[in-house]
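Letters are used for the chains, namely A, B, C and D, taken in the order the chains are written, and counting of residues starts over at 1 for each.
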Amino acid sequence: MQSAWLSALAFLVVSTLLGLGVLGAAKALRVRARKDSRIKHLTYECGEQPDGLAWMQFHARYYVVALFFVLFDVEAVFLFPWAVVLRELGAQAFIAAVSFVVVLMLGWFYVLRKEALQWQ
Amino acid sequence: MSALGHGALYGAVLIAVMLSTVAVGIWFERKFAGRMQSRLGPTIVGPMGLLQPLADVVKLLQKEDIIPAGADRALFNLAPVLATIFSLGVAAVLPLSPHMIAADLDIGVVYMLAVGGLMVVPTFMAGWASNNKFALLGGMRAVAQSISYGVPLVLAVLVPVILSGSLSLAGIVRWQSEHHWFALWPVIPGLPAFALYFMAMLAEANRIPFDIPEAESELVAGVTTEYTGAKFTLFYLAEYVHTLVGSAIGAALFFGGWDGPFAPGLHWMVAKTLALFVVVYWVRWTLLRLRSDQLMELCWKWLTPIGVALVLIAAAWVQFAPQGAL
Amino acid sequence: MTLSHCLLLATALFSIGVYGLLTRRHAIAVLLSVELMANAANICFVAFSRFRGGSGQLFALFALALTVAEVAVGLALVILLYRSHRDTRIDLASEMKL
Amino acid sequence: MGHINDTLRALWTTLRTAFRPTSTVQFPAVVRPRGERYRVSFALPDDENGEMACIGCLTCERICPSQVIKVKPGVKRESPVTGKKRAYTDDFVIDLSACIQCELCVQVCNNDAIVMVREAEQPMFEREDLVLGFARLRKNATDRTRSWGHGTMLQESQEPAKVEKKAPAVKAAPAVAAEPRQPAPRSPSRAAEPPEDGARARAREGARARRGGTDVSATLAFGVVAACALLSAVFVVRAVDLIRAVLWLGITLIATAALYAMLGASFLAGVQLLLYVGGVMTLMVFGVMITRRHEGIAPTATDTVRPVRGAVVAASLFGLVAAAIVNTDGLDDAPARALAPLTLADLGRSILVEHVLAFEALSLLLLAAIIGAVVIARRRDPGPLDEPTEASR
């Protein structure tokens, strides 16, 4: 099992090398600009002069979306071991997970009723 | 050491194969898209325009590398490399044939979801580091979309996991080759779960109809607005690889992966992957982009509860289906 | 790699978390420090379960879920703090009423 | 479900189009035949006596809507061919750059003295070159093919002559098929296989025999992972910019995941990546983006207070616990070979049998977290302060 992780690590290292390799190749191949100018490095705002910083404040609904995502992920994380032993443990495991999911879906229903996920 | 060598070798070969597939895929997409719009597509570079992707790459690599003023340089440079790593890294657990798998993790499904989910990091990083309003908006939207559709994705993936009782992708495929493809039987959690997976995969890879983050008409190019040359190439590559690997995983989870008569397993796996890959482009060049609110509503009001229902149906199937029906 | 190595690493991470907790004023930075500390505790659970057996892994799994809930509510409070004060310094929360 | 039906129909349409001949052709290789009435340029032809037909009556100059024709009438004199007196033209210029090719000049000419030709002029570099002068107009009359119409013919018949319609070279793509036929993209039909018990598949599951590296390499790997974790943790608490702090935390968490994998907690490593790095980090980033002041971050030194005191407390805490760990005996054993790593099935059994109460309580906790977080974070008084600043729908 750990050897599989090592293989995965080696795989990731190879992908990293590819990413760096492309950047390196580009450095070698790149045609140098004859002159550099400040305007070239302006951020793109459809040709207008950039106005202020790009940082802006975002709406709280982003937070609700992320919240929902992690909570459903938690659900999934507990359902993975459950899925493996479902056949073995039978009805008891089934009922336990169903009640788990149903309780979580109550939260979903609440959020739906409160329209907290409304992207409007 | 041998495990490291195994992973590195498979990584090198698989990545080379994927890159050439992506190159041909780009050509194919442009040709196919052209045909669907009653155009010819690329014709000039090479026979039937086959060398067009090569020309594109050479062109892109020669471009001047511009970092916008006020950008967070370190993160700006790191983001495309991370995108490459995470999109390619998912392929480590891909079972190509019964004995061809780079890293046979016993929790392959979790690894795949986790590493695929990490794609939000470079996306946001690029958007944030560019110091550009379009990029930041695109990045935030991309992350919001990606995590939203992560929920149906996880739920859809849970269905084959429950039906086979295994978290290893190879184990799931083996189960299917011994019993049935999950897309075919049991039809009710199987086929809708595949549809769910497919939609979520499109959304994760920012493919039309879920390409809000890129939304050319409103956000220029989303997170890649400020990227030029090689770094843009990496993002572009990551997007294609994401789609390709997503197709391969869909083929493995729902269509029996390497399983098939007459031909060796590898051929079947490749054929199924490419078939799904083509469907992605077919959808891409047919449908229109959804609006942000439609996207979110579709995900949270429809796909999520459907996914939960499918998970429960799959569990009930495992519990209550007569032994003969399995 | 021995158990004591893991425990020392966890202790060091925990101490760094404590440092952050004591020195940062931004509410989210404080939350990040708390994350570091929870992470350190989880390392201990997993290490003990590996070297001594027992259900440490399971506990770590539950602890992860708890941390998620904690971060969720914690961030909601930060957002609320920001709403009422237009600022996110944690000492402003001393007078916070819902 | 109308949407699904529409989607399938759209997919069918594009698929069908993909297998039909294209509307476009590759130009230099394939030249599309010109239409019957194709016309581009002008010519001043001769009449039946071999003289230039134009008499400089200015009709065309007057009718031209874009006023691109300039005619200079000449003096009347006897024709050298017929001996009759007739009018001549001294100069005739058409500015093709503004010509709209309406053919009105041809239609009004009673002498058939101006006609259009089927071959276009060569592309030019200067605007002046687009002006067709007298000589070129005359030359066109002999060099180029005439277009279909000339003045007298057009005047005789208000209706154009019947021209048999040839089939266009390439059929235009037809509109969307009306009949709602559906594609049948079913995968190769594979008959349901005879049932088979799952025992064989289950028998394959089981912990794989594991060969860890030597202790030295394991320690080395541990050292690298620990260094990553600690270094990034320091950056988490020291980074002024919160986004960077969150990203550094991501590295700490990834290093921890690697540590879990090394400790044989495979599933936990995956969960750490999925839940923590993917989920909690996103949550944190969103938290920062939501509570960021509009004018930018403007990180201030006041964000970090009394660093010395904090460092002292943290260092003494570490010293105390570390001393305790170092002085405790029996912590230096290598990974117990007897203790196989916990498999996922063990974990599942443990959750669903021994700790099922905690499992159910967790769902209640998550429910409480959802409701609590939504209640707290929901916008209650949509005042100007809470207006969304992001310009989206």
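The definition used in the following text is that a contact is a pair of C-beta atoms (placed from the backbone, for glycine too) under 8 Å apart; a residue touches a chain by one contact, two chains touch by 3 or more.
Quick caveat, the model's predicted, so the values are computed rather than measured.
The chains that touch both subunit A and subunit C are D. In terms of C-beta pairs in contact, A-B outnumbers the other of A-D and A-B.
Mean C-alpha positions place subunit A and subunit D at a centre distance of 21 Å. Mean C-alpha position of subunit A lies 13 Å from that of subunit B.
In this assembly, the C-alpha centroid of subunit C lies 41 Å from the C-alpha centroid of subunit D. With centres taken as mean Cα positions, subunit D sits 16 Å from subunit B.
Contacts with at least two other chains are made by residues 1, 3-5, 53, 55-56, 58, 60, 62-63, 65-71, 73-74, 77-78, 80, 83-85, 87, 97, 101, 108, 119-120 of subunit A. Shared interface positions of subunit B, i.e. residues touching 2 or more other chains, are given as 105-107, 110-111, 113, 137, 140, 147, 150, 165-167, 292-293. Contacts with at least two other chains are made by residues 61, 64-65, 68, 71-72, 75-76, 79 of subunit C.
The complete set of chain-chain contacts reads A-B, A-C, A-D, B-D, C-D. Those residues of subunit D whose C-beta lies close enough to touch subunit A in the complex are 198, 202, 207-208, 210-212, 261-262, 264, 266-267, 269, 271, 274-275, 278-280, 282-283, 286-287, 289-297, 341, 344-345, 347-349, 351-353, 356, 359-360, 362-364, 366-367, 369-371, 373-374, 377-379, 388-390, 393.
The part of subunit C that touches subunit D in the complex is made up of residues 1-9, 11-20, 22-29, 31-33, 35-36, 39, 42-43, 46-47, 49-53, 55, 57-58, 60-62, 64-69, 71-73, 75-83, 86-89, 98.
By the touch rule above, subunit A contacts subunit D in their complex via residues 1-5, 52-53, 55-60, 62-71, 73-75, 77-78, 80-85, 87-89, 92-93, 96-97, 99-101, 103-104, 106-108, 110-111, 114, 116, 119-120. For subunit B in complex with subunit D, the residues that touch the partner chain are 1, 32, 34-40, 43, 72, 75, 105-107, 110-111, 113-115, 117-118, 120-121, 124-125, 128, 137, 140-141, 143, 147, 150, 164-167, 171, 174-175, 178-181, 183-185, 255, 279, 282-283, 285-287, 291-293, 323-326.
For subunit A in complex with subunit B, the residues that touch the partner chain are 1, 3-16, 18-20, 22-23, 25-27, 29-33, 38, 40-46, 53-56, 58, 62, 65-66, 68-69, 72-73, 76, 79-80, 83-87, 90-91, 94, 97-98, 101, 105, 108, 112, 117-120.
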